[in-house]
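Chain lettering (A, B, C and D) follows the sequence in which the chains are written, and residue indices restart at 1 in each chain.
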């Protein structure tokens, strides 16, 4: 990429902002990481009543400082990147924009409460940390394993959804009359999710014998069911770990499923092509 | 199947209702999926007191509309399927029937409360979604892995049952006198299940030192025990993933357990038959 | 075993009581299973105040009936078994004896409360169910996998114990002054166990910011730590599942680690001995 | 090591203190283990108000006795070890020092409360148990598996951190106005952690419908997410268990990744060196 000739300044900025291998690029990423963390902390602390009362001025200044810095950074990214539209529409481009928008919108539209809702999205900017991570390949493996088990996870989640709907309804029928906590089916479903996932808040609990019996079944079910997604994802991680199979097919016997390090076809013994 | 000649209309209906590959079949499945979801939502919302008070008329109309549509659909299925009795007695056939019965029974037998109990079964019709899923093979793998580990899961669940009975009784003996929450063994068992499965409602908690000590042991036990079903199911998923063994037996030495891609018997070296 | 000649009656009784393959043996096991379940249910129901008040007479009769039946069964086992002492000192022999003792001890020593403590052990007789299970091999695999991971599980549990002691002490130092729930280190440790195992009763919860921060760390730690026993046990189940290695060593090259179905040494190609 | 000639006494002390194979060394380790456990118990019991009131004198004597014994032991270790500085700066050397310091610091600086904070670190001395464990290799395997999955675990924990920050903020926006429990974002994040890790204290629970809906999503997310670290660690344990790959490289083709039992290079067929 750095071989292209697109003006030395733009080239230099691109190197600093987008690459993490050069000293300046690394320094930029570290500073950016600190700024993002600080700006997220400011949003979090701003929500604490006692701090907001005391430091509201400071929070306002900090918020605008961060917003202006990130705006300049966003514009520089748009300027120096080779394909600005592709960046702007990419995941990180969108997050970068959403991270600065709420402050500006707060100027135009009155109504602090509504503003706060959008402001929360600013926290998403922490995701930019990953860009500088040496952990990208680890993240890749996780995403790969999750993608490979997507269909199974979907079936699992749908089954869980059906179970909680049916059990939530049953619980409403059993406890509904005596227990105010189970006053309608949505509350029953909420309880079923709290129980099946072993979260167990205790804000809604069965009080009748029949309710506690059904409850016990749901708990043991949830305890056993957790094995399913774990088994699915484990299996994928292990496949990924042990047999990173390539998509190469043997030219002679068309055999597939060769491991990445295989040189000869395991079915006919002929040499595999790269 | 579509090769059989059983009248063009019946054939067409069969194609629409039972097959998901044709455009009409797909459209039918999507519409059906939306109707089922809507009907389940109506049952859930009906249970909410404030909504029932306001829209009871609407709910009644919707309930009857859905019931009539699903009744027609059920009759059409019976008409066009090649083996109506096999369908009617199959899992989906039973669910299809149970999904329409409660509304009709509500006409004959008075007593709203009792009716509601059966009505909850209608929610099971959501299972029909799976019929149109591209996720069927994923579901198959899950069921296969669970079936393969059935015996181990049963032993595990029986052991868990014994543990909670014994620990529940012990807890009743320890806390019974001082703590009203542990007034009898069934409550002790309920507590043991809540604790062992790490749900932890907190509606029943030990108050004596000895009770909290036993409680701590149960928690750590539950924390470690969860590894057993997870390990069992993981192992099955991995077997399924890595060595999908075929049922082929060698014609020469009768050796079994060959992997799907094996060409020669691993015991005697003779060629395996397809 | 049935080849030994030790009198036809004793032989017959042995067959009925100890073997599950013959029709009479199977019938005996099923009846015994029902009796054990019933007797456990009686003990559980006896503890419920309202039932005890109404049916105390019935419970007494049932308790004595079960005790007498199980006593006769125990004596018959001692009579017909080939090595009575070995049976009496085995796990099931001890459980069989402990299952009948409490009722007799209740006659000699007054004091209902104390009696109840021993009576709880009677529930252990449910373990006899396993004797007739077709699930014995599944149970064996579980036990084998757990034994193989014993050392790792011990290290894991010791580490967990250290973590909860240190965290419980830290929490006592942080919250001790302000929060009555953390009035001493044992309570802190109890809380740490409740939190780390993700049980989360909520009977003891941090109220200070620092306490909630430490709490959050413990939770995420517990959430990640659960992966360790699960990983350990999963790995053992998979080894068991995929490579059930035998202890055979090659006579020629002394190579070990051969799979159960291996016929030739994988290192030198010589035939393996049975 | 015992071949070096550094005086018979120093040699003997070294053998007793540092080696667990000789009878004296073993006896020393067992006694030390008992003393450490006792001293930890004293610290724990000291914190219980009723016991402290009654046995404060005894606790003081015991604390000083343990401190003096451990001080002598620490000095002996420094004396007999071949590289005192390396020991003093090692993990166990630091823990050994921290285990005796708090009592002495308590003499110089007044202020019991502050003293207690440091004293808690003394509990870390339990880690010395591991030195005498036959479980060291098991511990090694666990550490090896965790190290191998470090990068993935870090990415996972960072993702979890981002999720709880975003969800905690969202929950503050949804419930903040109506529910005092969600009075600021840090409390929202605390709640998100309690929920996502399935701990579920129930001290902070949503009360609005929207809050309970988001809550349900977080629970199911947490229930599914747990599969990720479990899968990661399982995969590592299995790699460790099944393919303990050596670091040997082939002398002829420089191929790596050979299993421990491999004799010939799997890439070029030449013999591997030991």
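Here is the rule we go by: a residue touches a chain if its C-beta (ideal position, glycine included) is under 8 Å from a C-beta of that chain, and two chains touch if they have at least 3 such contacts.
In this text, all values refer to a predicted model and were calculated from it rather than measured experimentally.
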Practice problem: Please state whether the interface between chain B and chain C is built from the same residues or different ones, using more than half shared residue numbers as the mark of same. | Solution: different
Quiz prompt | Rotational angle, Cα trace of chain A fitted to chain B, multiple of 5° | solution = 90
Quiz item: When the contacting C-beta pairs are counted for C-D and for B-D, which pair yields the higher total?
Solution: C-D
Quiz prompt | chain C-chain D separation of Cα centroids, rounded to whole Å | solution = 29
Quiz item: Taking each chain's centre as its mean C-alpha position, how far apart are chain B and chain D in Å?
Solution: 40
Quiz prompt | Residues within chain C bordering two or more other chains | solution = 156, 186, 189, 198-202, 222, 226, 230, 232, 234-236, 238, 242
Exercise. Select the category (line, ring, star, complete, other) that matches the graph of chains linked by touching.
Key: complete
Quiz item: Considering the complex alone, what residue numbers of chain A touch chain C?
Solution: 198-202, 230, 234, 238
Practice problem: State the interface residues of chain B toward chain C in the complex, per the touch definition above. | Solution: 151-152, 154-156, 158, 162, 165-166, 169-170, 172-173, 176-177, 183-186, 188-189, 195, 198-202, 205, 209, 212, 215-216, 219-220, 222-224, 226-228, 230-232, 234-236, 238-239, 242-243, 255, 257, 266-267
Practice problem: Using the touch definition up top, name the residues of chain C that touch chain B in the complex. | Solution: 40, 43-45, 47-49, 113, 116-117, 120, 123-124, 126-127, 129-130, 133-135, 137-139, 141-142, 145-146, 153, 156-157, 160, 186-187, 189-190, 193-194, 196-203, 222, 226, 229-230, 232-238, 240-242, 261, 263
